[in-house]
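In the two assemblies presented below, chain A is common to both, partnered first by chain B and then by chain C.
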Partner chain A sequence: MPSWPKERRLLGTRVTRLEAPLKVAGRAKYAYDQNLPGMLQTAVLGSPHGRARITRLDLEAARRMPGVKAVWTGGGPGRELRHHGEMIAAIAAETLDQARDAVRKIDIAYEVLPAVVTEEDSMAPNAPQLVREGNVNVRNNEGRGDVPQGFAAAKAVFEGTFRCRVVTHCCLEPHGAVAQWDGDRITVWATTQGIHDVKDGIANVFKVSPANIEVICEHMGGGFGSKFGLEHEAVVAASLARDAGRPVKLMLERENEQTTAGCRPSAVATIKIAADESGRLTAFDATTYGTGGIGGGAGFGLPFMYRVPAFGRKHSDVRINAGSARAMRAPGHPESSFLMESAMEGLAVKLGLDPLDLRRRNLPADSLWQKQLTLGAERIGWPERLPTGSQTGRLRVGYGCAVTGWWGGGHDSNARVAIHNDGQVEVWCGTQDLGTGTRTALAVVAAETFGLQPHDVLIHVGRASYPPSGSSGGSSTIGGVAPAVRTVSETVLGQLFERLAPALDAAPADLEVAPGVVRVKGKPDQSLSWKDACARLGAQGLSAEGAKDKSLAGGGCNGAQFAKVEVDVETGIVRVRKMVALQDCGLIVNLLTAESQVYGGVVLGIGYALYEERVLDRDSGRMLNPNLEFYKLAGPGDMPEIEVIMQDLPERQVIGLGEPPTIPTASAIAGAVHNALGVLVPSLPLTPANVLAALGEV
Partner chain B sequence: MNAFELARPKSAAEAVQLLTGEGRQHMALAGGQDILALMKDEVLQPVRLVNLKSLPGLNRIEVDRQGRLNLGALVTLAQLEAAEPVRKAWSALAEAAAEAGTPQIRNLGTVGGNLCQKPRCWYYRAAPLHCARKGGDACLATTGDNRYHSIFAFGGCVAPSYSALATPLTAYQAAVEVQGPGGTRQVKLADLYRSLEQDPTADTVLKPNEIITRVVVPPARGLRVAHREVRQMASHDWPLAMATVALDTNGGTVRQARVVLGAVAPIPWISAPAAAALKGKPVTGETARQAAEAALKEATPLSENGYKVRLTANLLRRTILAAAGVGEG
Partner chain C sequence: MDGSEPGDGQGFSRRDFLRGAATGAVVSSLVGQASAADPPAPSASAPIVSGAVTAQLMVNGHRLQVVVEPRTTLLDALRDGKAPDGKPIDLTGAKRVCDRGACGSCTVLFDGKPVYACSVLALDALGHAITTVEGLGDVDRLHPVQEAFVQHDALMCGFCTPGFVVAAAGLLKANPHPSPEEIRRGLGGNLCRCGTYSRILEAVAEAARTGKGA
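Let's look at the complex of A and B:
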């Protein structure tokens, strides 16, 4: 029965990334970097309007442009375009400049239709209906318990309306693919979170046997949830490649990336929340809505994190003329967190309670959260926190906190492990390294098992022809791939012990590995060096392939974050001075990259809190900031000191942690701003406009 | 991007000749930090670029015998922020240069280019939109999302002036030396953008075949000058407001003040009411506040940018105090 080692030599230590030298030297090959002999480049025509109908589309002049080899279009006259950037046509040519020139020769005319741009406009009784099902999908009322009784029994009731704006993923490597056909075989270099899903999609769309498809993703420049399954861009690239009989690259340019490649939905909630004398929540009621653009839903959970005996909820998903939402790092959760924690902040004031105390009283007394809140409060300096609203100076300092949780259970995964007769260990796993350090994690697991160093292990990931592994979503990768490699490595190690037992004059069960050696337990002098041991394996070496043992993965993790901010009440500018992030993820595989995940989550959360917002023109529905200039991504100068404290809990097995550390960041910051100012800023991002408005200065 | 011709003149006179387009769009290229992006985004489609970088002698910073600062038009922002004479005697200009863009932009961006940059309005920069600045009928920002736009009205476009140098140079009463077909002329910074009042497409009073060759800044001896800006992000971000305040004081009393605001009007906004409010008074928290209030009394904010009024008033109050060296309140 596979298990994690009791004594860990490498697991839970800080191991530098295997691919770091490649990335530092610029030699890591992303899909964007694939340049094949004879490859064509693609330019895309996206809709310039928020909503329009194509009245004329003539591609002949474009086809005749120099270098043009293939043209794709998604439909001509009569087609309704329903958001800015929606792909109308794509042209593959010898060079990107030729492709762009050809796109400009597309003869197209539009009937511009009135765009529906805001959630409120879309819900208005006379709004144009954008799809047959209508603009608004009201979900069934959810709830439990006796809500009126809960409010009646309360000591304090708080009511407020809070809003999160739409943000985009801003993948630095945009969506796209390179496709190459060889007869009825196809190879796709995709920037994707799921190579097997891409393979499955290609098989379905192009009616190709999975046996004839290879999907490759060696490295990727960001997905954050927006790169699942077979993307439209890869379909178009493969179509163009088939038509041209040449390899084709299609990578979106920034404007199309920002308008079409996904976003996190908006979320608006009018919340009523109550607590009794002891600060225990008694009732919660929320009317909520949000938009996931033209196609996506805008679901999020409420109440969030804290136990409420009675609650009611009514939610509407609202369509507008904007690019569709896609999963974004902890789908729904950062929104839920901001809405809920803002209400908790308001309630704490009504109760006259320290907001940290209010949180404690509504989390299980024996939970890890309690310990994290104690430790975090100490690290951020919570005792120096002044009462909310008590400051009068220009620069006001505030402290805030919020908690997080996530399942993070591992997906299914297989792996193949081989030992060669020179001692080299090789691992194959059909997963993809999103930049999170998956390769290195696999090397740590294999090296731990075989008594080697991570850099001694050859890791192969990122090909759909390797042993199947799940898509990387829901923080499920590490709990899939690490157990798979451990399971199969233990199998191979068992085989090795069988082979070596006679030479070491012991039973296979009595053998063990120590760094660089195979030896008899309790008899360190009866040993073989790793190299000598493997030299006995013959030409075929040893290998095995198999699935993960599910007992090696756990689920359910806890976290808490604290923020210290400084607000200039004369300009409304918020600067985060310090963040403390406490997080558990069960058994930590690689402490260095686990901490990196938390840093990354906090960085993303700071952008969500302060800067990021998709701005649409109310009139045309065009995105006004489809760039990285007025779509404000936080830079190094905007980063505070970030202290990450990982709780290593090996008994809980391996749990994923990509998502949980970005959930509470914005909430903790907003709580800190509330503490500094004495007023809640009800809308993210916490811009000067929103802060000054909350202060009554506008 | 359209194909274009790249011309490399050997003299300013030749550059002027090459820029003379007779209806064809010929444009000057210096650091390329703005125009190349506009060409790639198909907002501008010149048929000829005249590369001024080949002109000799325009990358020098010199102080002449009259004590004036002479900046060649091709001096980079990085040169400007590092130049000792500028840091010593025109420190607000060096500070403003240091705040502009990013190190990469400052290494290439030039003084002339910074003064002649196109508006950073998200309607103007969207190629398919035909706004007033591009010769269209209406300013789309006036009725659209104008959260970053002007709070002072000037002409028919509300895109704010973001030139980091124009604000302090106006306060220092600098002038640009312009070479055109008829020789050279001087234009005061205070007049450089006046054309926008009548014609929203006329970024400056320069004709298409005129180029800035130098900026001449008078001596600032005895002046107390401060430049401050507010931007949301500490990293690269466009300012929400800029202010330069130059005070000529006599024994604690302001003899003459010049107050210039940036990023709040289509042009560097010279506030006569603020200057008048300071004249003859000592700079205190109260007089600084009154001057700032006087400046912002003229503000006519748009639908989404009311917050910039208070923000700018506070910035200006602090800048006045900083110029006077009495702390920033």
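Let's look at the complex of A and C:
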């Protein structure tokens, strides 16, 4: 039975990324960076309207433009366009400028239709119907216990309405692909979270045998949930490449990326929540809605994190004329967290309880959360917190906290491991490194198993021809690939021990590895250096391929975050002064990159809390900020001090960590703002306008 | 580097440019980022051209022949440009992310100062020394800033990283011992979606501390 080592030499230490030198030196080649011989470049025409019907589409003048080699269109007159940026046509030419020139020559006319731009307009009785199924999908599905009784038994009841706005992924490498046909074989350089899904999609769409498809993703410039499966851009690139008989690159330009390539849905909740004398929640009721754009779906869970014996929930998914939502780092969870924790803040005031205590009383007494809350409160300086609403100056300081959890486990994964007769260890796994440090994690696991150094192991990921592994979503990657590499490495090590046993005059079961050597347990002098041991393997070396042993992966993890903010009540500006993030992820594979995941989650959460919002024109449905100067990301100057505290719990096996640390950040910040001001700012982002409105100043 | 030869810094062949018809002045649209004190002055006498011409740029200490149009940005010339013989320039370290001066992913040094390569016309770079991330160091001889980024894990997906590395190198060249606040301001023109800022700030502070940043 494979297992994690009891004494860890490398696991849980800080190991720098294998690909870091390539990335810092600008040598890492992303899909966007491919420059294949004869490659064409593509420009895209996207809908300039939120809702319109094409009345004329003539591509002939465009086709005749210099350098144009292939033209794609998704349909002409009669086609209804349902959101800004929706792809109408794409043109591949010798240069990007030629492709853009040709797009400008497309002769097109539209009948502009009334766009539905807000959730409330879409739910109105006489709203234009956007799709055959209707604009609103009501779900009355959730509930438990006797809700009226729960409210009747309460000491305090709080009611409020809270809102999270739509935000976009803003992957710095946009969606797109490079496609190259060679007869009936195709190679796709994709920026993707699932190389095998891209392969499967290409096989289905183009009727190509999977044996004739290669998908390559050596490095990718961010996905955050928006890059699953075969995407439209890759289909168009492959079609254009087939038509032109040349390789084609299609990468979305920023405006199309921001309007079409996914977003986190909005979430609005009117919540009623109650607790008894002791601060235990007794009942919860919520009417909620949200929009995932024209695709509709805007799911999020409520109640969230805290146990409520009786609750009811009514939810509506609402369609509007905007780009569809896609999974975004912990889909639904930061929304759930902000809505729930805001209600908890309000309830704490009603109860006259410290909001930290209210959280504690509604989490299991023996849970890791309790320890995390104690430690986090100490690190943020919670005792210095003044009572909510007690400050009167211009600059007010506030403290807030929120908890997080994640319930996923690892996906399925295979790996192949080889030992060569010069001692080189090589690992192949058909996963993809999203920037999470997957490659390096595999090197740590292999090196730990063979007594080597991580940077000495050759790791191959990012090709669909490698042993199959799952898509990278739901924080499931590390719990798939690390166990797979450990399992197969142990198999190969067993083979090595079989071979060496006679030479070392011991049974295979009595052999072990130590750094750089294979030796007999308890007899350190009966040993061979790693190189000498491997030299005995002959030309074929050793190798094995197999699936992960599931016992090496765990599931579910806990965390808590604390925020200290300063609010200027004259300008409405919120500054985060300090964040403390406590996080467990079971057995830590690489502490350095695990910490980076947590930093990353917190920074994303700061943007969600304070700056980010997709703004649509109220009439036309056009996105007004489809760029990076008016769509505001947190920048270096916005960074508070961030303290990351990782908890290593090896007995819980390997657990993914990408998503949980971004869930509670905005909630903790909003709680801190509440503490500073004495009023809840009901809507994210906590912009000056929203803060001043909550203060009754505008 | 294909299509290049060691240069003398005087890479522009005026004769080649004047072959183009005169249709409009090449406009200097150099947008410095927060850390670039002053944008470099536009070339004293901007050439008047239209259509594709061969320019000689000074990139990473080499003369580089690249076919450009008046509208071609320096970023596009580096990433997508081709030598007259059709060979790609292929300097893809600088990334195209916003293509309008908002994110810093395309940062290169222009006579030692960080600029957004997406917001400089290739022809405005004539006669100026351009340093891209590839010119700062290579994987086996990293620039101290690059080395500090590796050690501090100041990168995740890495798409913003070349821009940050170049911006940081430019900052340390101008101000070898910046305060933490000066580092934050100096890198204020760059964005990262993965959230690596804390570690970037640490890395740059360390590169400055060891005094090897410049």
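Keep this in mind: the second predicted complex is superposed on the first by the 695 of 698 C-alpha atoms of A that agree within 3 Å, B and C clash if a C-alpha of one lies under 4 Å from a C-alpha of the other, contacts with A are read in each partner's own complex, and residues count from 1 in each chain.
Definition applied: contacts are C-beta pairs under 8 Å (C-beta built on N, C-alpha and C of every residue); 3 or more make two chains touch, one makes a residue touch a chain.
From a predicted model like this one, the values you see are computed outputs, not experimental measurements.
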Between chain B and chain C, more residues of chain A are touched by C
Under the stated touch criterion, which partner chain does A:M220 make contact with: chain B (first), chain C (second), both, or neither?
second
Examine A:G637 and indicate which partner it touches, taking first as chain B and second as chain C; both and neither are also allowed.
both
Scan A:P383 for contacts with chain B and chain C and give back first, second, both or neither.
neither
Identify the partner contact of A:Y611: answer first if only chain B is touched, second if only chain C is, both if each is, neither if none is.
first
Using the touch definition from the top, say if A:G183 reaches chain B (first), chain C (second), both or neither.
neither
Scan A:P125 for contacts with chain B and chain C and give back first, second, both or neither.
neither
For A:R575, using the defined touch cut-off, is the partner it touches chain B, chain C, both, or neither? Pick first, second, both or neither.
first
Could you say whether A:T95 touches chain B, chain C, both of them, or neither, answering first, second, both or neither?
second
Is there a shared patch on chain A that both chain B and chain C touch, and which residues make it up?
97, 629, 634-637
Listed in rising order, the residues of chain B that touch chain A in the complex are 1, 42, 120, 122-123, 126, 128-129, 140, 143-145, 147-148, 230, 232-238, 240, 304-307, 309-311, 314-315, 318, 329
Residue ranges of chain C touching chain A (in the complex, touch as defined)
69, 71-72, 76, 79-80, 88, 90-103, 105, 132-134, 136-140, 142, 146-147, 149-151, 153, 155-162, 165, 183-185, 187-188, 190-201
Using the touch definition up top, name the residues of chain A that touch chain B in the complex.
48, 97, 100, 104, 394, 570-573, 575, 610-611, 615, 617-620, 622, 624-625, 629-630, 632, 634-638, 687-689, 692-693, 697-698
With touch defined as at the start, can you tell me which chain A residues reach chain C in the complex?
14, 16-17, 19-30, 32-33, 35, 41, 95-97, 169-174, 219-222, 224, 253-254, 434-437, 592-593, 595-596, 599-604, 627-629, 633-637, 639, 642
